[in-house]
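Naming follows writing order (A, B, C and D), and every chain is counted from residue 1.
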Amino acid sequence: MRRRVAIVGAGITLFRRRMLETPKELSFEASKMALDSAGLTLKDIQSVVSGSAPDAFDGVHMKGEYYLDGMGAIGKPHERVYVGGGTGVFTPIGGWWNVASGLYDTCLCVAEEKMSPLHPHPQYAFWSIFDQILERPLGTTLLWIFSLEMRRYMHKYGIKEEEIAEVAVKNKGNAIDHPCAQLGAKITVDDVMRSEPICEPVKRLDVSPPSDGAAAVILASEKVAKKLTDQPVWLDGVGWTLDSTHWTNRDLAYPEYVEKAAKMAYKMAGIKNPRKEIDVAEPYDPFDYKELHHLEGLQLAGKGEAPKMTVDGVTQRDGDLPVCPSGGLLGVGNPIAAAGMMKICEIFWQLRGEAGKRQVKKDARTGLAQAWGDLMQVGTVTVMRS
Amino acid sequence: MTPGLSTRELMFEAASRAYEDAGIDPRKDVQSFVCCTEDFWEGISITDEYMPDQLGAVLRPLCTISSDGIIGLATACMHIMSGIADVAVVESHSKISDVVNPDEIASFGYDPIYTHHHFDADPRFLAGMEMARYLKDTGTKREYCAQVAVKNKKNALSNSRGVHGANIDKGIVMNSPVAASPLTELESSRGIDASIVFVLASAQKARKLGKHPVWIRGIGWSSDTPVVEDRDFARAEYVEQAAARAYKMANVKSPASYFDLAEVDDTYSYKELQSLEALRLAPKGKAGKMVDTGVFDVDGRLPVNASGGSLGVGHLLEATGLHRTLEAVMQLRGQAGRLQVPRAKRALVQSWRGIPTATGAVAVLGN
Amino acid sequence: MPILEKITQQSQARHWTDSIPLEYHYTAGVAGEEFRRELKENGRFLSSKCAKCKTTYVPARMFCPSCFIEIKENTPLEKPGYVYSHTTVNRNRTGEPVDEPLTMALIKFEGVKGGIVHRLQVEEANSVSFGTKVIPILKDRSERTGALTDIIAFKPQ
Amino acid sequence: MSQKITSYQGHEITPDEVKQGKYLDIVYKFEPKYSWAAGVAISRFLTELKEGKIVARKCHKCERILVPPRMYCEQCFRPTDEWVQIKDTGTINTFSISHVGTDARRLKTPILVAVVDIDGASPGMGILHNLGEVEPSKITIGMKVQAVWKRSEERQGAITDIRYFKPIES
């Protein structure tokens, strides 16, 4: 009943703090690049799945309707999938069910975010993700919830800020090789430690920037994919999970929702020992500690052990388990949904051996991309194979 | 209005009833949950945060589809067809009574550069312009639109959910205040509150769960251009496309004679006519006359919006499509009470996402 | 099983009133910038023609939504537009009644896809009809920014 | 991005170009307004806050005492059974020192925030609130704290009826 689904093309725009393009135009640029790279035209596409985070960024109510012509969705079945920050990785999952179900043979999946319209700062939109009666009156910011989680994580496993800073150093360094990156830079742990505290323990360089950008992939059924390319990348496992709304009732030290989502994807892909079987991973890194947190949830590191793995260099591009070889959100930028899709694109290029200067040293056959979202609540996971 | 329940409590009320009806435990039996919402209708950015607990979906796959409930049903179907679920749940709701300035929110859906910021008008200006052009291009008489409101509001009097039911004539409808000429206020549906939950199951599982399965035989959805200036106002092209997909899947060759009843979009009176033509339930330009002569009355050849539709019951934002589906399911199960269409076996449901969209969905249901 | 305890008195039901004040600064986009320049400097509407399907669009577009290729050919429209459809509303976007009913129209141009939605300045609402030729009432060049607010309204030619 | 692709699309607007007004900038203010029904659980919770009390709901199946209160148990998927008054003391589960406000602007005095596990509720049942009357450097996870309430005539039935939590002297 379930059909095998492949990624056959990918596209991405520059990620920048402010772009001239409208959300439609950004979507067009990424979609067109994905079509061109797959050798397809819009006529070959049967359905469209889009992803974008809150309407409060782009500044259009029901933005899934507004931008759809930029995604080539006129006259086509289009659905916008939405799980907060998890949306980027969830967008190709939406495409996956369009194709795996047998309903469509080709699906264009586009993620777009234009955060710059919101003034004075895109961060403001995050105030309205909190409970309107019990939390917003306190003047909540997204930074609070991250710093509270980071503190709890550090406390439970005795992790030092310096160890966490290694992630920012690695990812911003990796991003130097990404032509679309916003914040690629060679920095040191000291730079991170000395950057201004914004919401302690979170400091300026622990955080990814707000950005504008779009990214896209094209999915095809097995039959179509084999006709199109001799290098399909198979989307063999997908998983997603949402935890309770009541984030203050949970142990913030461990992302159980990521574990559940990962196990769903691993089961589907037939992965028994993820640490051995996954060759390259792009976990979600809007904050540096999040990469570590997620590696543990993904079962790629034991609980509290991801920092040591990072310090030991295991997660470097030439390491045993390269993590965020793209440069991640910390380096490439964080146009929310598009950033998750950037990770899908990266694994696609890594598994095809097309990542150029970013290509990991080991022979990567199986890759993983993951995103997180909402109130420390959503995990979205995909497992891909060459 | 539902002033005594929060959105989440309203959802729990609907979900617990749906699960009891299906005989399932959401903590064990459901593999996927789908919610259809839009942020600004809720006053929350990222509304899926507030969805899992009251649906029994904690630590389970749940996602938002920012669209109408029928597209949510289509998503659940795809989850079942791709083998990741044998039972899936779809929820959508309206809590419009929580929203103080809904017209301003609806306006915010227009293109910010070209269709919004340079004037300050009731967002239904688009409905008025569409209706005017529809009447002109099809030669439909203006009073036929009023008859849609007359019919649906009358039908709603027999529906326990029919908040906006009324026994009025065309004169009252046409003389009610102008919303966006020629559209009047009584031809424009009003928002109400509700949460609607559906439990979907694979064929195999449905047979085990027994009770009263209603089958989704075909489903389709489509979007016309979001650029309102590019559209043909006389036609609902998105409905034509969505219907073509649903009919193909259900192998419906002659829709006009296939169905026993239809629940179609009547957000505004003229929308019902436009939709009936796009669904091929009426020839182009003939839907108005057919409504006027009673073809689509409860006792007519094809009852359309026997429930009262959005004009008679109320508009439910993204849950509108689920409302239509609910009314059709009750009919197919023979549980529609005073609304019951005799021997109803095949039903058509269709929805539109409202201004300023050109997105809609169609489902073919049967027992 | 549904909730066992319900609110039975209005006075026990609490409401929480708040808003989300948002301010946006939109960019007009790649094609929008071109459109803006033409409107600001020459008071004309810039259109785009797809090299493949030959469709002309207004306002100018960066890409053809059906052929899905970039559009490079932009030309200002020379001829006046016409009323494709029109309506009169009595409320503003917050739902408040307005003093003077507001007549709105979609102005289209012969042979061109798309158009401009704007206010129509007419003595009597019923003096407009489908096809009426209209021209924009432009602000003075020195006051123009290139946004559609440069046009006060359209009026019959 | 693959090696085969050499050009990447997108036109950046630099902060300088914004300042110079090089591009059209359409400004629009939008303020969606709401009057949310608090519902059965939160209406009661707010009413009790006005009285200077914190209440929770108990589920008789899993025996958990839930705060913030809800009328359904999300684990058991059944309605909760009874109201329980819990204490206004608790333990810091985690905390942060915030130097920025909701719009990312820098604050003169940092805000202290914490998840406080409330005594009398089930373990780990915390609420988000502020801390006060404490040096930021002295805050620790596990510290016992107590609510500092507004005076009763100032209380409105809101989460801010509690001004903040302060350390309990031991």
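Methods note: contacts are C-beta pairs under 8 Å (C-beta built on N, C-alpha and C of every residue); 3 or more make two chains touch, one makes a residue touch a chain.
Quantities reported herein were computed from a predicted structural model and do not represent experimental measurements.
Chain pair with the larger contact count among A-C and A-D is A-D, by C-beta pairs in contact. Spacing of subunit B relative to subunit D, judged by their CA centroids, is 36 angstrom.
One finds 26 Å separating the Cα centroids of subunit A and subunit D.
Computed centre separation for the pair subunit C/subunit D is 40 angstrom, with centres defined by C-alpha atoms.
Of all residues in subunit B, those that touch two or more other chains are 3-5, 8-9, 12, 16, 40, 43, 52-53, 58, 100-101, 104-105, 108, 112-113, 117, 225, 227. Annotation for subunit C: residues touching 2 or more other chains are 1-3, 6-7, 13, 15-20, 22-30, 32-33, 65, 147.
Counting partner chains per residue, subunit A has residues 18-22, 32, 56, 59, 69, 74, 120, 124-128, 131-133, 244-246 touching two or more of them. Contact topology of the protein chains: fully connected, every pair of chains touching. Those residues of subunit A lying in contact with subunit D across their complex are 10, 12-14, 16-21, 26, 29-30, 32-33, 37, 59, 120-121, 123-124, 126-127, 131-135, 137-141, 143-144, 147-149, 151-152, 155, 178-180, 196-202, 213, 244-246, 248-252, 345, 349, 352, 354-356.
Of all the residues in subunit D, the ones that touch subunit B in their complex are 26, 28, 30-42, 70-72, 74-77, 79. Note for the complex: subunit D touches subunit A at residues 1-5, 8-15, 18, 23, 28, 30, 34, 36, 38, 42, 46, 66, 68, 70, 74, 93-105, 110-111, 113-115, 124-130, 136, 141, 158-160.
Listed in rising order, the residues of subunit C touching subunit D in the complex are 1-7, 12-28, 30, 32-33, 36, 145-147.
The part of subunit B that touches subunit A in the complex is made up of residues 8, 38-40, 43-46, 48-53, 57-67, 71, 74-75, 77-79, 81-84, 105-106, 108-109, 111-113, 220-227, 237, 241-242, 245, 353, 356-357, 359.
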